[in-house]
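Structure first, then comments.
The chains carry the letters A, B, C and D, assigned in the order they are written, with residues numbered from 1 in each.
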Amino acid sequence: AKLWGGRFEDSVTDAVERFSESVSFDKALYKQDIMGSRAHARMLAHQGLMTVSDRDSILHGLDEIERRIEAGEFVWRMDREDVHMNIEAALTDMIGEPAKKLHTARSRNDQVVTDLRLWCREAIDKIVASIKQLQVALIKLGLNNEGLIVPGYTHLQRAQPVLLQHLLLSYVEQLERDVGRLVDCKDRMNFCPLGACALAGTGLPIDRFLTSDALGFTAPMRNSIDAVSDRDFVLEFLSANSITAVHLSRLGEEWVLWASEEFGFLTPSDSVSTGSSIMPQKKNPDPMELVRGKSARVVGDLMTLLVLCKGLPQAYNRDLQEDKEPLFDSVKTVLGMLEVTTEFAQNIAFNHARIQKVLPAGHLDATTLADYLVNKGMPFRTSHEIVGRCVALCVTKNCQLSELPLDQLQGINSIFKEDVYDFLGVENSVDKFSSYGSTGSECVAEQLNFWISKLQIDQTENEKTE
Amino acid sequence: AKLWGGRFEDSVTDAVERFSESVSFDKALYKQDIMGSRAHARMLAHQGLMTVSDRDSILHGLDEIERRIEAGEFVWRMDREDVHMNIEAALTDMIGEPAKKLHTARSRNDQVVTDLRLWCREAIDKIVASIKQLQVALIKLGLNNEGLIVPGYTHLQRAQPVLLQHLLLSYVEQLERDVGRLVDCKDRMNFCPLGACALAGTGLPIDRFLTSDALGFTAPMRNSIDAVSDRDFVLEFLSANSITAVHLSRLGEEWVLWASEEFGFLTPSDSVSTGSSIMPQKKNPDPMELVRGKSARVVGDLMTLLVLCKGLPQAYNRDLQEDKEPLFDSVKTVLGMLEVTTEFAQNIAFNHARIQKVLPAGHLDATTLADYLVNKGMPFRTSHEIVGRCVALCVTKNCQLSELPLDQLQGINSIFKEDVYDFLGVENSVDKFSSYGSTGSECVAEQLNFWISKLQIDQTENEKTE
Amino acid sequence: AKLWGGRFEDSVTDAVERFSESVSFDKALYKQDIMGSRAHARMLAHQGLMTVSDRDSILHGLDEIERRIEAGEFVWRMDREDVHMNIEAALTDMIGEPAKKLHTARSRNDQVVTDLRLWCREAIDKIVASIKQLQVALIKLGLNNEGLIVPGYTHLQRAQPVLLQHLLLSYVEQLERDVGRLVDCKDRMNFCPLGACALAGTGLPIDRFLTSDALGFTAPMRNSIDAVSDRDFVLEFLSANSITAVHLSRLGEEWVLWASEEFGFLTPSDSVSTGSSIMPQKKNPDPMELVRGKSARVVGDLMTLLVLCKGLPQAYNRDLQEDKEPLFDSVKTVLGMLEVTTEFAQNIAFNHARIQKVLPAGHLDATTLADYLVNKGMPFRTSHEIVGRCVALCVTKNCQLSELPLDQLQGINSIFKEDVYDFLGVENSVDKFSSYGSTGSECVAEQLNFWISKLQIDQTENEKTE
Amino acid sequence: AKLWGGRFEDSVTDAVERFSESVSFDKALYKQDIMGSRAHARMLAHQGLMTVSDRDSILHGLDEIERRIEAGEFVWRMDREDVHMNIEAALTDMIGEPAKKLHTARSRNDQVVTDLRLWCREAIDKIVASIKQLQVALIKLGLNNEGLIVPGYTHLQRAQPVLLQHLLLSYVEQLERDVGRLVDCKDRMNFCPLGACALAGTGLPIDRFLTSDALGFTAPMRNSIDAVSDRDFVLEFLSANSITAVHLSRLGEEWVLWASEEFGFLTPSDSVSTGSSIMPQKKNPDPMELVRGKSARVVGDLMTLLVLCKGLPQAYNRDLQEDKEPLFDSVKTVLGMLEVTTEFAQNIAFNHARIQKVLPAGHLDATTLADYLVNKGMPFRTSHEIVGRCVALCVTKNCQLSELPLDQLQGINSIFKEDVYDFLGVENSVDKFSSYGSTGSECVAEQLNFWISKLQIDQTENEKTE
């Protein structure tokens, strides 16, 4: 019989039971549920709503239940619907009468959302830690490839030469904003709904500040209806995850491209590649394809939750039970994506020789040449046009800008002098970039130092282990 | 060691293995995978690419593997990556050498998409059958509530009186188009990719028509690259599911509303309701809330697949592995929604007395009154305005249109005669509707007969069992 | 001819021009584009990259262009592609040579993202202001309906009595978190990309801190590739908007329900209702239906941007041009939703008499009765069961809990005493709630005072104007 | 004053009017609205609900209104809310009394959905025609590049050699299924809602079959509530568009890749490329980037409509007004994507020399070598492993499979004979593919002929014009 069965004559049908149960997935909240019950029992005893002896029975019972769950000895029962009822009913089976007092001044409505906030808080900490590991891996990858110049792309067309370190740091920046979003989300969600009960609060003399403190929340939530109704903290968390996932999908795309025969810029080690069941020559960068692909489910999870919450009136509606699986999936997926991207970053080699060989193609120094003309006092639009003509000449003659003899340059415009060759060629070009945040080696070193210090990266160790 | 491991020196890391494996979910395809392998082995033997004795070993081996899987004796190994490799490797463990010939002229790329099409085909049949059951349940619900007039709503404001049967049939119509979409989807997907191999076909003398026929496909797919690259059949399927789910979410919303104290139009039986852990008086229509809520994940699953496929170049990309979980989830969810909605429909009672009592409110007969005036030759816009004034009078006097005495009606316009009272009151009003497809009782009877015959509903049986 | 046309021989086809142009929508950025150009020109002159006289020509030219745009005299040309080229080319038409220097050390890549950040910053301020207006309207609505008790719902079933003020404050809380998200988003995006140029920075001696300061940014962005590549600030903004939109959709649903004949809890005034072209009696709460409906496009806009960014490699890709329309639509829609919800809140009357009449239905005092038993020392689970039996008795006898005579209550359990009637009936019940954040009148007054002071609401004025 | 204003005292506020109006976008339905009114007026006259003279006044008035709209002389008034009211009110202004009869037995609820179905029908025809043009362009592109072998990819790694024609035909196949989906959608939606009125039908003696026939619908819709409530036809249409858009995004990605310096497989002509405002050497394949990017808004539009419809009870809700803008945007975007992709296909050149030069890289003939061994009787798994070892040897020696001397091959396995060299090298390899639907030249010729005949492509003309 259900714990709410007082006025019910029939039990629900099997199909309804199967369709409605949540214990198959919300048992993932067992630790948070027990944590919440401990705090609640202590508060009830402190407020005189339960004897100290009842409290102690409950606490010991909960310890034992937690032990059993972690040992795999606990039997989860679908007919007990959810994690809350499973634990409470098991507690009653174990300690009897005192267990019936645990649900005083509490409802599953405030209980589940307390559990969920505790779970999210911890999940955010894990994701933030994983992001930091990836940031460190990207920076170390840069340190191990110092001085490597690669083409910078716009429109997937070669645009300007950049230091690989500079490119890698652009991902580190994006990940840092991801951390910021998660931390803000955590701060905003870290308020305690416990004590909101079904939706209206309670008339019993509880102390919500006590439970809030005990559970590490900033404060109790101010409005009991709000406390049980809203899932905006999950929406915000899944939004943050989606943005992180999109960031990783972009890195995934880039590395899949770079691992292709046509680019040939990087080679993953065997330990992060897979082969083909039919084509013996294949070596596929599958982990990064999956990182790119799995971003889709993180976005899908967010979409599920937005559709779910749309148009529900206050306060708790059973629809909200469906908040958990997308949340769990989003967290698991993002953690996996981060972990695997980190491993991939630790297991790729950049093909310096190949990159150096193909680097001259694409007139990557054209903008530097335009800067040269601007430095000579020519308006930018004019210089842009002149460089355009130089490039057209190169295309006709199938050569590099640096290979155009001075007289031919001067044939286009007499402003060109011998010093122009200091601006041509990718090495010269990359060296000229000097504005704050640009790809010039000094600017990049400055960025690197910022991150090494911020992330407390130990470079000595780095050199040893890699 | 992986089956594709020929040129590989290191095995993949644990994290990559965990992140990349698909066997934990694609083992759901075991039946289709074995079905495909049987057809493939028979074709290979027929074409002389395998001896009859090898074929028979393989067929017996596959039988035994299928038996073990269904008996729960089969050990799925994550290091064997996916359902295909698990079955093939187990076959090799069992029968040795002949098993190594099974993958002739086949790749996992065409194999997985063959499995998936077979699976979808069957899933569509199941969903179509479930939709028909719901249609039957809705019609029986109508038959059991013959003559019941309920308010028809627009903007959730009472608009016109309708027969409950008419309202229920509107859902039956929507579900029928859902069936149409699924059947079209199945017809369009029922082409055989097997033999497309990795992407280019094969040089071995296979016969793709043979396997296509054996597996019940309409024909082999015409282009091997298309065969392994595209997942549009999954996208179409998930789109059809999403539309069905949205339809069900609307029914869910309606029944949740109708079960509220404020409407009070229907009461679910205990077997499809749940109670509250804190509020002893509650009886919640949870199954329909969950139907409404679970529509969200069906939409989320579609979204996942759209995001997944966006921007992938031809042909197979590992991202596509992520097509399965959203597909499986969508199908499972829609089936559950249909089943539970059917059970709900079988377990609700409409509160005739209550409905009859509140029906007069809302001036549901106002449009019929406007029709009365049009029948007298008045332009519709004028009649609309006059009825507007009658309604305003009712609001002032807090009465029904039928309660306005003739002189007051004539005070508004002299066109009103004694016969106006044949058009007022909800019973009179509903009876007047006579256009094709309208809510008049004859029109509804016509619709009902159409559906009873189309769905072959046995009414005698109905009367007995309910 | 395009400004980038140097090496091009043919111009693009009409279809491509039509498909690629963005000026038809990005002209909305004209103010930000001019603002950015002013700061850029001043910086160039300060750094000696342009003469003071050129700078002044440019500044005067930009003033004139802004004036023309705002006066509707500016001719936007599709063949000039976008807002940037339109303004720069018009400037060149107007002041000649100096205009050609404006694009020095700048690219459309950093220019557009600077414009966009400036635009978003302002849009966030507008939305935050609109949210605050809605919060104030909700609180005033509460103040004007002091003491009104309404049913609190879970599962759309009546659960517990709550003060209307308490319910309205739950929306105020949600909106406050929406403000928090927007402010965090603004802080995170308020960094200056200008000077990142195409993607690598520049070799010209610019000062990015100067432009950053002039434009009110916190600092220049640290990495030039990141600066032009990422749109996570738009994703975050659209996520925040989606959450706000979902919140408003819930309020929309609630008020549409409450305006129905069946609930009958509120009546919108004519100025926020619409009628029917066919049913003269209708009075529809359309604005709140549209608020609910328009939440969909805000979610759709977010989805567009997530799909857009998925799988793009660094750095700028033309796909990113598509970021603007969803952003503009999201902001316009959310602002409209907020404004109309505020007006609706200012134009509804709660039907006190009706609410009071129907309030006794639904046994809203059942939980309070359970609290009564707990206060007497009974374990909660036991009390829940006993109250369940009392409710069942009421259902049988079709009466309220408060109408059960003491002997019948004692027939269920002897613990009931005469004082039980102090806990029964909705007024008694609502008064008992006393926990922090609960619906008891003191708790609600405390919440109200918090918000009145935080939002600086002048109550005197309120009483006068309403 | 609004046409529904009978019982209203105040007019709506400006903000509500602005928020609620739809004429700014639904005026796009003017042609369908007038078409529907013509059919409706003729039917009313035929049924004696209107005189022939009234009908003729109406028909002439509608002609004049249509003329004015198309000449840009019609003044759309926001205070008249929508396209229906604008046209009807203008008709009343023009012809007076008879116009007031036009809305007899009709409501905006059935009127708008009739307009929408007519509009969608036409839009589908346009999209289907555009798809066919793209299919023709792809086939002509193939015909112009006969015999060109390109690498076929899986995981973006080179897998097997394929004919370019084969690859292009894979897109033609996908587009053909897109056509199928659209045609099915059109067939399913082509039923007439007119006469369903507000939701319940009408008591006036109309003939719905007459209007249905006149408007080219298959039949009237069977259930009036369904007729005005559902938007599943829009959902299905937007789903079909989303799948098409995803297909095009994939082609977009592929061609963007192929246009990169690294691939270098294709060069777009100037007429479908754009340059950079800062980098004079750039030539970007923007149209295909935008095709890829714009797929996002098509998906977003679908998402909007799914969220919109979720959880709405029957029948018409004002939310549904929001169905139009996503629909219009989806159609416009998909048409643009198709048109531009067609133009791009007509304006690219494949770089045969470059492709031929890089083709040997990647061991594309490895599978053919495995087939060689299978032909010799070796089990596939064994042959796969042996070829794996051959490839490993090539990697070590940095050579092609065809460059391995026979003794070295025999060192791996003695089964290799001199005839092995007939299977090595991409030309040999591609020639070996012979299974139905594979990339062998005969198979591809067969596919080509199928499509040339199906799409009625005139090859003579082709040769002349290109």
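In this text, contacts are C-beta pairs under 8 Å (C-beta built on N, C-alpha and C of every residue); 3 or more make two chains touch, one makes a residue touch a chain.
All values derive from a computational prediction rather than experimental measurement.
Visitor: Matching over half of the contact pairs by residue number, can you pick out the copy of the A-C interface from B-D, C-D or A-D?
Guide: Matching pair: B-D.
Visitor: With respect to inter-chain C-beta contacts, which pair, A-B or B-C, contains the greater number?
Guide: A-B
Visitor: Tell me whether chain C and chain D, two copies of the same sequence, contact each other through the same residue numbers or different ones, using over half shared as the line for same.
Guide: Same, since most residue numbers here occur in both copies.
Visitor: Could you give the separation in Å between the centres of chain B and chain D, each centre being the mean of its C-alpha atoms?
Guide: Computed value for the inter-centroid distance: 24 Å.
Visitor: Using mean C-alpha positions as chain centres, tell me how far chain B is from chain C in Å, no decimals.
Guide: Comparing mean C-alpha positions, chain C is 34 Å from chain B.
Visitor: Please list all residues of chain C that touch 2 or more other chains.
Guide: Expected reply: 3-7, 103, 109, 153-156, 159-160, 197-198, 257, 275-284, 286, 289, 292, 295-296, 299, 302-303, 306-307, 310-312, 317-318, 367, 384-385, 387-388, 391.
Visitor: Provide the residue numbers of chain B that touch chain C in the complex, in ascending order.
Guide: 151, 153-160, 256-257, 259-264, 275-286, 289, 303, 306-307, 310-312, 358, 361-363, 366-367, 370, 384-385, 387-388, 390-391
Visitor: Flag every residue of chain C that touches chain D in the complex, lowest number first.
Guide: 2-13, 15-16, 18-20, 84-85, 103, 106-109, 197-198, 269-284, 286-287, 289-290, 292-297, 299-308, 317-322, 325-326, 336-337, 339-340, 343, 347
Visitor: Write out the stretch or stretches of chain C touching chain A in their complex.
Guide: Residues 3-7, 49, 92, 97-105, 109, 152-156, 159-162, 166-167, 169-174, 177-178, 180-181, 184, 188, 195-206, 208-209, 220-230, 232, 235-236, 239-240, 242-243, 246-247, 249-250, 252-254, 257, 292, 295-296, 299, 302-303, 306-307, 309-318, 367-368, 371, 374-375, 379-382, 384-389, 391-392, 395, 430, 432-440, 443, 447, 450.
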